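Pasting the structures here.
Paired with chain B in one complex and with chain C in the other, chain A is shared by the two complexes that follow.
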Partner chain A sequence: MLRKTLTAILIAAILLPFLFFGMLSVGQAWFYPSILPQRFTLSNWQELLVGQSELQVSLLLSLLLGMGVAILSTLAGFVISKEIARAKYKNRWLLLAYWPFVLSPVVLAILVQRFFLLTGMSGEVIGVLLGQLILAFPFAVIFFQSFWTQEVLQLEQQSQTLGASAVYTLQKVLLPLAKPLLLICFFQTFLISWFEYGLTQFIGLGKIKTLTILVFKYVNEANIFHAALASLLLMLPPALLLWLNKKFVFRGI
Partner chain B sequence: MLTIQNLHKAYHTHTVLDQVSLELPQGQVLAVLGRSGCGKTTLLKALAGLLTPDAGSINWAGQSMDAVPPREREMVYLFQEPLLFPHLTVFENIAYGLRVRKEAETHVQQKVAQMLQELELQEHAQKKPAQLSGGQRQRVAFGRAIIFLPRVLLLDEPFASLDAQTRATMQRLFLRLARKYGITALFVTHDVKESLLVGDRFAYMAAGKLQVYTSREAFIADPQTGVRDELAFWSALEQQTPYQP
Partner chain C sequence: MTTLGQQLSSKTKPGAGVYLRAFFLLLAVLPVAGGLAYGLAYSFGLAGALSTGFTLQHWQQVWSSGALLHSLAYSLYIGLVAISIATAAALFLALYFQKSLRSGSLSYFLYLPLTIPAMVMGFLVFQLFTKSGLVSRVVYQSGWISDLQQFPSLVHDTLSFGIILAHVLMAVPFLTLLFHAIYREQNLEPLQEVSANLGAGKSYFVRHIAIPTLLKTAAPNLLLYFIFILGSYEIPLLIGSQQHQMVSVLAVQKFQRFNLLDIPQGYAISVAFTLFVLLLLSISFKKLQRHA
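The block that comes next holds the complex of A and B.
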């Protein structure tokens, strides 16, 4: 009974924001002391699906940045983490990977701002992508340290002495072993990009409007219906990824 | 014939391999006895191509192996712990070297089935390594290493982590298969009895120096190998408590 109640509370806690923002996203004219908005309309959703609306562009941009950051940081993190695991001064390199997290993203943004200004990447998508990688890449490097154990490195050597090439070893040994971690890292780095605000705002100069930036903008404008729709969109991919994680990734562990 | 000449390896000022030289005819097992940290693992890894020696040369049948990468050397290194691929079944672990060499599926099936029979592991073919005992895992690792008949097998104290009974079984299995397939092997161990049991030739390693003996008798006679002490111990024990079946 207690377990069922707790499960119900947990499900309600997850679903309630979706229901609340879902209701707000189709609302119009909500004035105190009404409990619900005066009218309900799909115009906000139509705006998203039809034409080149700000929300639509922002959603696509966020997806593009998220996928780019996730793919690049996961792949680079996997490779570099291995090199660090094999390096003579492993801890020194790892200390470097912790550097962005020790500084905090905003302080880091201030430090790297000049570089982005000089290279003309401020206010550009590529600049924001690189900026987000400053956080996501070290995260992936640290994340994969738990994979590159002495045993895995020895398995790689074993495969080599059995006659396998580096590519064969990667395909048949390393990638199958790392698959659950690769997927988790992909999801995590996607979410780092998806929810990133400080660096994106600073390097993007307000021109690169990701969904997270847009939510803050709508909230500042007191545009609650658009803010609700943007928030709903912001919550959907992480929820989907969490569901996929549960269904496919953790099942294999 | 495996020929090693003046192999040298040092880490900073610490010499791990000191002018190691040996000759090992094809189909023979060289038992290398030595204590922990004497350079045995470094020697095997250098032979497998997993680390580069500072000086010296490694030749197989007159052909230099120095520039040959590990995957082309056909010298399989067997770690102390049986390093099986955890995501593959026993069958696929044993088949690994054959699949790498792109052998036909019928050959793979046939050879692996035969090897499973040799190793008495037929009923475990579809199990994952985590479902096997230590001795079974070591048997799989051994089968995986010899199935494609490598030039040299490099065994790094392969039975050290096994209990006495399993160890004895594995030693007998190794001897049987080594004879059957004409395996050329360097068998590193710190166990005097094991070295005498598995070796056709004998060597003793200490502080990076390798002493190769001309005969079993010479190996036993050298006090530094500790064989005589071991024999004396068992002899004394036998005299104190006469053996009663």
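The block that comes next holds the complex of A and C.
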């Protein structure tokens, strides 16, 4: 009985942020000491459907950046991780891949900001994309190390010994084997970009307004209803994906 | 497709390998190494608009003001308290809700908090625990307080309750799932049966076998999470106090002031923090390896 009660409390606590932000996102005035907002409206949500609204642009920009970072880092990580896996000093190379994760993203952003200013990429989408790749690409390289095992490398060699071309081996042997990992890596690198704030803020100079930047902006403006909606937009897509396939996250720990 | 296929063939040509490694160095290593070198040069007066040649002045200013040491101590306090509370809570959840985590409702629900980024968690804690937040309203409606000023300051407070809580809320689901995964991988369930057959009670098993095994196996992850908290920025920025600043917030503040002479100090703080983290990591991993 106690266990069931505690489980129910825990589940309620887990759902609280979603319900609370859901309530605020349809609220219009929330004066103390009322627990619920005085007025409810769908106007905040309707802004999402109106062309060129700040929220809509931000959502699309976050999606675009997330997809771009995920595609580039997954592909590059898959190709280069093989080279690292076969390197003589594999562990030394891998140690280098861990570097960006030792630093706080915002400290990393401070340190690399000058290079983006010099190349004119500060305040540009391409600059933010490259900045986020500094985190996502080494992650993908580390992630795919578990794929390039001796068995996989031998299987690939066997395929080519039997006369298969490199392209055929990639299409019929490597990609089918790597497909689940490619999907997981895509999902996780997408999340790195989707949740990123420090690098986006500093390299984007506040001009590249992704959803995390927008949440901070709304909180600063004390616009809690828009901040709640932007927060929900950040949380719902990954929550939905996780719900559909929870195994995507915790494989490989 | 052909190029990609050729690059992925087992006998990657030595030339192609060099290009691939160069690409790796360019994107993963150069930004960090170059950034650190530039930061170091800037902090010693060797780079930047106001550079006047080699000087220790900026490092001396950072050191003598005590701001760096104070914010490092404050960050360590936040990190240690948050990771300790989160580890204790996660151990309890992982051990108490084993069945539910394996196949019950928690096996789905506990993944949901992982979708909350730090910025949103900071905003959530602010909206829940500020003097006019949801908890204060519920307490008021229950009749426990008659004015919102009677509600304690839990956000922007000197003890940093809000920052610690936000980090604990972010860490607990992750650590619980981690401990649960380790519990299964280390085959602790059969071990519990063996210890029960040998006459050990459940609490003896938990205290002397389960908890030490979980903590020892998870030690590298706990260390990395602790370092993640040390360098956190969004949460202290949103709900931190005016009196104390975590290192990342202090460094950024130096960059955002109008005084250009503060920028070298910002770089000095960033470089010092990076070196501190690297030192902490190398010492800790050596100790962990010795105990492994």
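Definition applied: the second predicted complex is superposed on the first by the 229 of 253 C-alpha atoms of A that agree within 3 Å, B and C clash if a C-alpha of one lies under 4 Å from a C-alpha of the other, contacts with A are read in each partner's own complex, and residues count from 1 in each chain.
Heads up, the rule we're going with is that a contact is a pair of C-beta atoms (placed from the backbone, for glycine too) under 8 Å apart; a residue touches a chain by one contact, two chains touch by 3 or more.
Please read all numbers here as calculations on a predicted model, not as lab measurements.
Asks: State whether A:I192 touches chain B only (first), chain C only (second), both chains, or neither.
Replies: It touches nothing on chain B or chain C.
Asks: Based on the superposed arrangement, let me know which partner A:Q157 touches: chain B (first), chain C (second), both, or neither?
Replies: In the superposed model, A:Q157 contacts both chain B and chain C.
Asks: Which partner does A:L170 contact after superposing on A: first (chain B), second (chain C), both, neither?
Replies: second
Asks: Check the residue A:V219 against both partner chains and state whether it touches chain B (first), chain C (second), both, or neither.
Replies: After superposition on chain A, A:V219 lies in contact with chain C alone.
Asks: If you stack the two complexes on chain A, which partner ends up touching A:V107: first (chain B), second (chain C), both, or neither?
Replies: The second partner, chain C, only.
Asks: Would you mind listing the overlap between the chain B footprint and the chain C footprint on chain A?
Replies: 157, 160, 165, 168
Asks: Can you list the chain C residues touching chain A in their complex?
Replies: 1-2, 4-12, 17, 20-21, 23-25, 27-29, 31-36, 38-39, 93, 96-97, 100, 104-120, 123-124, 126-128, 132, 134, 136-138, 140-141, 148, 173, 177-178, 181, 221, 224, 227-228, 230-234, 237-238, 247-248, 251-252, 255, 266-267, 270, 273-274, 277-278, 281
Asks: Can you list the residues on chain B that touch chain A in the complex?
Replies: Residue positions touching the partner: 48-50, 69-77, 79, 83, 85-87, 96-97, 99-101, 144-145, 148, 154.
Asks: Could you list, by residue number, the parts of chain A that touch chain B in their complex?
Replies: Result: residues 151, 154-155, 157-165, 168, 172-173, 176-177 of chain A touch chain B.
Asks: Show me the residue ranges of chain A that touch chain C in the complex, using the header's touch definition.
Replies: Chain A residues touching chain C: 3, 6-7, 10-11, 14-15, 17-18, 20-21, 24, 32-35, 76, 79-80, 82-84, 86-87, 93, 96-97, 99-108, 110-112, 114-115, 133-134, 137-138, 141, 153, 156-157, 160, 165-171, 174, 194-195, 197-198, 212, 215-216, 219, 224, 227-228, 231, 234-235, 238-239, 242-243, 246, 249-250, 253.
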